[in-house]
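Below are structures written as structure tokens.
There are two complexes below, and they share chain A, which is joined by chain B in the first and by chain C in the second.
Right, the complex of A and B next:
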């Protein structure tokens, strides 16, 4: 890349703010082209495909809303929505509760905090497929280390991912292990920004540690917790690697989430038009979910302001 | 927090008698112990899973399938690692992963760093939201149209389509982190350069860019790691010769169901570089992760 300026940007001496704004936007042009090619175009194309009966060899006929009507009456798809919501609810609540607790702990200074924090955030950087494999081995009902640990403290062994009733909580366990650190980092950032005055006056008033956490810390970091909840919700809704590697949606279809259903329709059954309709519905679900949570976040901000 | 409260809490101050000091000492000790226990509980799941992975990869198959499990290997062996590299072209897959993630990160920096600058300076929140939506969308939903497009263009069995799809991960991460970085950069230097007659491009290239090196390093490392970890694009698009490491590891699972040693060894080979990188640069990436709260795919 040379220091010589591209033609449009060379006009930087113009003092007009509106002109300058457009010049600054030129910096974003190459990225916008890339985003258009790999993100926006596929999007538009997906909507187009969702209205067709589209085979993998390229045969296609326009079918209007048929794919969407078929989804409505597809009990396997409806069930996958239920699995997704169940998985998502658990995969939001548990990491957030644990992550807030971990953040409160790591907010204090103690010996070796840096090293321990580095270890604590390692799971969120680890390759999900590799970790899923290790958990698959740990979940093994006869030889797995988890059942050994359960039985050695006197608890009954579990079937973990091999039973339709326990498969989703077991998968959530992996998700909790993976993503609690991200919640912790976000909330830790919030804790670092808190003022110290409310604590000082609470101490003078004789507040207990729990009272201070409940009535000062928690309301003040609530906006950060909501950010963590939103991010967790989006990531949990689209979890793929963990579920695909450990159960592939099984046993039966007990852990088949929307994302797994989508994968099977597209790349196992090659029913491209139908899969595209799933994408459209899935995206609507994600957007609605995000909007609800954003609205909740505005509410927490409002409460704090008062 | 509990420990500190007990140590300096109002109760201790009010009573303040001699008999209290012993009790207070006990409370401090108890608080410290409780706190140490909390730290242990929080950190141990991470340590234990990684140690178990290490243990499985260094043990013989007999010890790996023993019950009760053998935690400390009786005989250390590297046999599992040899098995992984002998039974499949793992070296090739490692090279594939380096090429894919390296190129996707490089291209993302090339377009993403100027974009982050432009968006930050123009306060173009609309574009920032577009990037955020890209972050929200499941990776699979890009895959169907791109898969069809690559088949149409005859771009199968090469690394090119995989690199292109990895841009879906790397470009938003880089842009998002760089927006945050450039917004916090002091603007006086650039403005005085502009007054002295520099063009916007020169102000960016000569002044803002050198100052933003720490941000670029963070963005590059995070983009590389999340591209390296990505599984979904590879599993759909990769052929026998073009697998990335996560896909290769997944294939070890399907071919050798019960062979735990090589499986754990393969898993370790994939994720160890990322873990080492995380520990080495953890201070720098913490800021990047929280500002962007990034995760690809």
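Right, the complex of A and C next:
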């Protein structure tokens, strides 16, 4: 007895390739529509707006590349790129270094480890704006607790976010406090998944604790660290709430990142065309940044050599 | 322009109190006196009963007061009300976004004259209320529009005569001073800018944690301090012809004074202070003077949170080299041009700015009302929970008040760009250089706003 496929299926599967392509498209269509509506259209519309003089009142006129040329000569925008990169670099490096250190510590077993881990990850759960308000109080040069602590151990008080030179490191301090636990969690997960054999053989070969960390733990856990770096990079680049609440980009423009500058143009000055141009440039910066990170991540992946 | 300056808040009806009424001031109020006189007869508060209004307020003690007494309006009119208070900055943004969308979720909204007056006029976003005020079926006979101070009415009136809001409150700036610190230094409250500088110098002792003066250093928030000082040189940031005066010798002198006060005699870190940080410092009793709006008496006199309660002096803004003015700010209530219930919405505005509510505002210390019957009534003033000096300062400041910020469309840009310059000055930059740079940056923005 020969087995034959039911007629309907046979028609669908083995029919004309062009027909089959249409059938596939039919299934993909809802997703395509969604992607078009929420990603492609807004993006294209932003590019469209960036080529117009687009305010909230008055006429909208086509200005070509004028907004972009204005950006090039806008020293405040150029400075904001510098501030963004400075902030992002510090806000990636410090939490990652401290987070890896914390993960290594919490990976060892010691009494009360569970409780301490839970306490350590608590900052991560707090609302950024609430945190920012509390830190603003702590940063106060005369009434804040930070200067009280500094002076009570004999150190000179700092101006924290109230001085153009210390404002960005002080803001990064909030980020470090807030996001180091996340890095710790990711790396801790990585550490738990590591095989124990390399350590056993290293011990037999007489390796020191540092050598084992440097030559075994770090390379093995590197893919996880890269995941943490990518997440941190995304978060740091888009940081807005803490900076806006604590300094609004000040003193002067000393902590004005691209996000703050963008917000100001769009929602304080209602210069939508110019703000759209900022978005387009910021988008290019993010794409370049992502490519670099993806390339770095590829390099750290374990290569399984069969 | 000149008549406007003179007219600011000079009382029209109670000239006998000797507070000085300008003829120009009377003129501004006069047409309404006549129209109101005709508005007699039975007034039907219930004609819109059953309708529902959304009221969009900026967060402050005055809005809280409206909400507190909202039930009174609901009972009076049968109109139900949903009201919301949103922090100032978000309130302003949400308004613009909703107005530009061509439909608003609110029927009544609050407008800050010093920031939004020209922008809202240009957008045509608020209904002209003159026909409503002229309509005896919509304006209660006891509303008495002529009772509003001429200055407040002028502040609410657009250049083309439209009145797209009714005046709600004014906020002239004063100087709070710490009586203990002044007594210790053996000095009196200064009458002039020079005197203020000397007083700051005499009190300032940072080693002991005592500072001469505090005022806003945070960019944007700080700009009115400088434009306020400029009034002492009889100069506004934009002159009557619409030209920027921000690089004039007077503007530079005012900026230098701002820099000296904040860089030399203020607490370290003042560059990041908005009014709330200034208030906190002053309430600690460690600052000699605080320059800001007059609505802060309530927290300062609250002995539970303020160390200076009972020791605060309320000083009139000192005189500059050529003039003495109090920088003025204020807000009104308007009806969205997109509201389908404009008449009911106007009734809310009329209720919110009636005599009872204006007196409530003053009595609770929530702010300075716009009605002469509230500000100049000796009985009302005697019933205040605050020191007599506060009330005296309010009356006198209202008399010498003059708009603290230029009445232009791009106020936000103005405040931001010059605010950065002022912050940079506190951090050491040269006032003349910073003002030149800021003006170069701001001039095209202003020109574009006038062209568009």
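Note that the second predicted complex is superposed on the first by the 259 of 306 C-alpha atoms of A that agree within 3 Å, B and C clash if a C-alpha of one lies under 4 Å from a C-alpha of the other, contacts with A are read in each partner's own complex, and residues count from 1 in each chain.
One rule holds for everything that comes next: contacts are C-beta pairs under 8 Å (C-beta built on N, C-alpha and C of every residue); 3 or more make two chains touch, one makes a residue touch a chain.
Bear in mind that the values here come from a model prediction, so they are computed numbers and not experimental data.
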If you stack the two complexes on chain A, which partner ends up touching A:41: first (chain B), second (chain C), both, or neither? first
Which of the two partners, first being chain B and second being chain C, lies in contact with A:182: first, second, both, or neither? first
Could you say whether A:32 touches chain B, chain C, both of them, or neither, answering first, second, both or neither? first
For A:142, is the partner it touches chain B (first), chain C (second), both, or none of the two (neither)? both
Just checking: does A:269 make contact with chain B only, chain C only, both, or neither of them? Give me first, second, both or neither. second
Which partner does A:251 contact after superposing on A: first (chain B), second (chain C), both, neither? second
Between chain B (first) and chain C (second), which, if any, makes contact with A:166: first, second, both or neither? neither
Please tell me which partner, chain B or chain C, touches more residues of chain A. B
Doubly contacted residues of chain A, that is, touched by chain B and again by chain C: 58, 142-143, 267
In the complex with chain A, residue positions of chain B that touch it: 1-6, 8-11, 35, 38-39, 42-43, 45-47, 49-50, 52-53, 56, 65-69, 107, 110-112, 114-115, 117-119, 121-124, 127, 130-131, 134-149, 152, 164-165, 167-168, 171, 175, 194, 197-206, 225, 228-229, 231-232, 235-236, 245-247, 249-250, 253, 260, 263-264, 266-268, 270-271, 274-275, 277-279, 282-283, 286, 289-290, 293, 295, 297
Can you list the chain A residues touching chain B in their complex? 1, 3, 5-6, 9-13, 20-28, 30-35, 38-39, 41-43, 45-46, 49, 58, 98, 101-102, 104-105, 107-108, 110, 114, 116-131, 133-138, 142-143, 145, 148, 152, 177, 181-182, 185-186, 188-189, 203-204, 206, 208-209, 212-213, 227, 231, 234-235, 237-238, 240-241, 244-245, 259, 262-263, 266-267, 272, 275-276, 279, 282-283, 286-287, 290
Parts of chain A lying in touch with chain C, wherever the complex brings them together: 55-59, 140-143, 157, 159-164, 247-253, 264, 267-270
Quick check: in the complex, which residue numbers of chain C touch chain A? 93, 96, 99-100, 119, 122-123, 209, 217-220, 267-272, 277, 280-281, 284, 286, 410, 412-413, 416, 420, 423-424, 426-427, 445, 452
